[in-house]
Amino acid sequence: MAGKELDGFHFEQMHGKDRVRVARVWRARDGRHFMVEWNVSISLFSDCIAAYVRDDNSDIVATDTMKNTVYAKAKECTEQLSVEDFAILLAKHFTSFYSQVSGAIVKIVEKPWERVYIDGQPHEHGFKLGSEKHTVEVFVKKSGAVKLVSGIEELSVLKTTKSGFEGFIRDKYTALPETRERILATEVTASWRFPDISAVQLKMPNLHFLPVNISSKDNPAIVKFNDDVFLPTDDPHGSIQASLSHFWSRM
Amino acid sequence: MAGKELDGFHFEQMHGKDRVRVARVWRARDGRHFMVEWNVSISLFSDCIAAYVRDDNSDIVATDTMKNTVYAKAKECTEQLSVEDFAILLAKHFTSFYSQVSGAIVKIVEKPWERVYIDGQPHEHGFKLGSEKHTVEVFVKKSGAVKLVSGIEELSVLKTTKSGFEGFIRDKYTALPETRERILATEVTASWRFPDISAVQLKMPNLHFLPVNISSKDNPAIVKFNDDVFLPTDDPHGSIQASLSHFWSRM
Amino acid sequence: MAGKELDGFHFEQMHGKDRVRVARVWRARDGRHFMVEWNVSISLFSDCIAAYVRDDNSDIVATDTMKNTVYAKAKECTEQLSVEDFAILLAKHFTSFYSQVSGAIVKIVEKPWERVYIDGQPHEHGFKLGSEKHTVEVFVKKSGAVKLVSGIEELSVLKTTKSGFEGFIRDKYTALPETRERILATEVTASWRFPDISAVQLKMPNLHFLPVNISSKDNPAIVKFNDDVFLPTDDPHGSIQASLSHFWSRM
Amino acid sequence: MAGKELDGFHFEQMHGKDRVRVARVWRARDGRHFMVEWNVSISLFSDCIAAYVRDDNSDIVATDTMKNTVYAKAKECTEQLSVEDFAILLAKHFTSFYSQVSGAIVKIVEKPWERVYIDGQPHEHGFKLGSEKHTVEVFVKKSGAVKLVSGIEELSVLKTTKSGFEGFIRDKYTALPETRERILATEVTASWRFPDISAVQLKMPNLHFLPVNISSKDNPAIVKFNDDVFLPTDDPHGSIQASLSHFWSRM
């Protein structure tokens, strides 16, 4: 955030527009249509303390203007481009067009519209929503420096075997039995930093599938379960986050 | 619902268990695994007015027992079966096992776990979550009569052209221009009734993609848009529901 | 729905507009402001089969027109009115203004904006969002007949004692112990039908707070719990639905 | 995150348990009950690279153990305590009980259960869910150093007048008219850092209430609106984030 000293305090702020939804269609000469749907968030760093303390908005880019800019820039893109290129183009616009804007963050989530196939043939203008989403976040400074992170989210995967968990710490709070056979499932949120791949960040919560084991000391009749009936549950869940990076990327 | 006269009023009630989540794995001899994940809701119609007016639960099937039954029945299914067959099996159990249960409704939503392909080959035990969901709702009476409705939900489709809307009523509340070219998109919820197909029900809200048209009388500089940049929006949206049925299915 | 015979099938349809969000402010002469925020859904029953089979929209009320009507009618209400009165007014407009509309359903959910109190005094124009929501659903026929249902939703209540569950059926699927002491909690959805109160409908799922009991045969060190630490859970949950009605209301 | 060099890469990871839901009841001698419901997330920083590269879990605290610890510690709290104190107590347990844990982050969201009043009197054991939530996030290091942030979230407020927006930058992307009269509404997420208040962070997205203005060049009949009928909308929305801090808190 852009910092400022104010009456003995340090004041930081950014402002922007979230959830600007835009779809762009490109029509090729052969009749095929290409389309994307993007959900865009913009945050600008700028010196606009006057708006907070003196009712002076003369340095303020209205968030409605930011929204219009998304549509105008989408229009200007007459050739299909990647969500990464659009995010950079948009962020660079704000830092170069407005003198008081020192930095811009643009985040975009792309909806997974996929071309429909009919009888094995790609349809010219029909699409269907798929599953995992492509994400991008770019930070552009006034100097032109670009920090770009791409990613995916909402990718759920599962395997029914070849996962175990044993040998962990056992103490007075431990009740979990060891296991050499379990369902392993997660919803992957992954991101990676450019140029080339300089760093990878992974967030992989457990999607738990607990082996069902109904027990009651008074009721031995309930059937025995042996790792074939599972209780999927969301509350609570294990979480694992990790990142891997080149040394030079952290300098 | 099961009706009852009570102090001059008509009283109806049902009780059950919602959101019983169960996963079932079947392992074939050739090493391949098959799995399903179901979210089950159960409602029982029974004469249990004593529980409401006399603190007498002796006719009450505990909803915890219903939950256990889902797991026990899933376990008993040693061969893979369709979600329809499991719903019928479960509902029939409740109406036949408990004398006071006169009817049972079982609804199941199946999560779209799909087998993963690696280098074009199906993986033995790896799965990935897809998009639209398969649904089933079955109503079984004590007599054994079955009413079965299958369906899909959350199937989003879109086409970028060959849709229009013109010739509709124009009155003093009408501002919408006619169009011969627009994006048409919807999230389909469809269901159909058996045996054979006796009725089809469709719910198809518009997923609106509005042509962008930024206007300001003071600012002619904003670029002209011609049906290539769109604003996707959820609030408000048009809704269309329709059903088609054989005469005999309505008798 | 409005029915129609079509090539040997029975065809029914309705169309409308969902999620029309509108806020209305009324300003009293003494400086106080009053405001409501409503989320309106409209469904019209009409004979518009020509639109489905002959590309003829001449009997179609555009859903965009329905949306505009909500705003125009809200404007015409120069005096504050109840959400019930607005729903009736709106539904009656559609059945009387359009000759081909035989019936209209209007559903409204009112957001619980509450006046703010500062130092015990009501603020003139400040509001804060509360919790449970007021709902209304009205069905108006061409004849002018009105069926009105009011309600509340998202009202969560809880008591920490004086609830039990015992004496229920015990069979081979039962593992639940009896209890004379438990937390009882639910999220109430209630509705009632007019004139006077002719019927009441209640939907009261259990919000389960399970007594915590961590057990492990190998680990006796985990502390004993006695009904003071609970696990709140959403999956699965018991559901209870009931209605009470006058006989004459069911004729 | 806890860093580690690994085959020429820098590797960081943390693991924990999210969405551990716990309720705690305290019973006073005078018959009054007190209760809280907390949703707890735990992240531990520890040196457990062996688990990633050598299948060695001997340094791993199972996330199931973390969950049990929440319940055991809640049980040990025989006197009611603040959510801040519970978060600190829990985080300090992990850093002191496990030698390999170098730091712990505990986040808790408290559900706003409020005592019910009947005829103006507080009920002994009845509660009702309110609106905004209390949050806390604490970071405890092995050394015992504590960084504590408290906050609220989901507090929606609105005023119907005395807000304007004028004098902002007008450029070729600007279409927004200036206004001296509008509804101002936001959903506040606020947090503050201890000891005393060393820093305050505010996140205040606009909840837009757009003045309705239906226009159509062909249809002048639609009523004129003058700042009394509004369209509430979520997509897109302006976002404002700011923080204020003492200099010494940033050292």
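Descriptive notes on the structure:
Just so it is clear, A, B, C and D label the chains in written order, and each chain counts residues from 1 on its own.
The definition used in the following text is that contacts are C-beta pairs under 8 Å (C-beta built on N, C-alpha and C of every residue); 3 or more make two chains touch, one makes a residue touch a chain.
In this text, all values refer to a predicted model and were calculated from it rather than measured experimentally.
Fewest steps needed to get from chain A to chain C, stepping only to touching chains, is 1. Distance from chain D peaks, on a Cα-centroid basis, for B. If each chain is reduced to the centroid of its CA atoms, chain B and chain C end up 19 Å from each other.
Each chain gets one centre point, the mean of its Cα atoms, and the points for chain B and chain D are 33 Å apart. Chain C and chain D, compared by their mean Cα positions, are separated by 28 Å. Touching of two or more other chains is recorded for residues 21, 68, 72, 173-176, 214, 222, 233-235 of chain C.
On chain B, the positions that touch chain D within their shared complex are 170, 172-177, 214-216, 218-219, 221-222, 233-235. Residues 1, 6, 8-21, 41, 43, 52, 56-65, 67-69, 72, 97-98, 165-169, 171, 173-176, 205-206, 234-247, 250 of chain B are the ones that touch chain C when the two sit in their complex.
Chain D makes touch with chain C in their complex at residues 21-27, 33, 35, 37, 68, 71-72, 74-76, 113, 116, 125-131, 155-162, 183, 209, 212, 214, 222-223, 225, 227-233.
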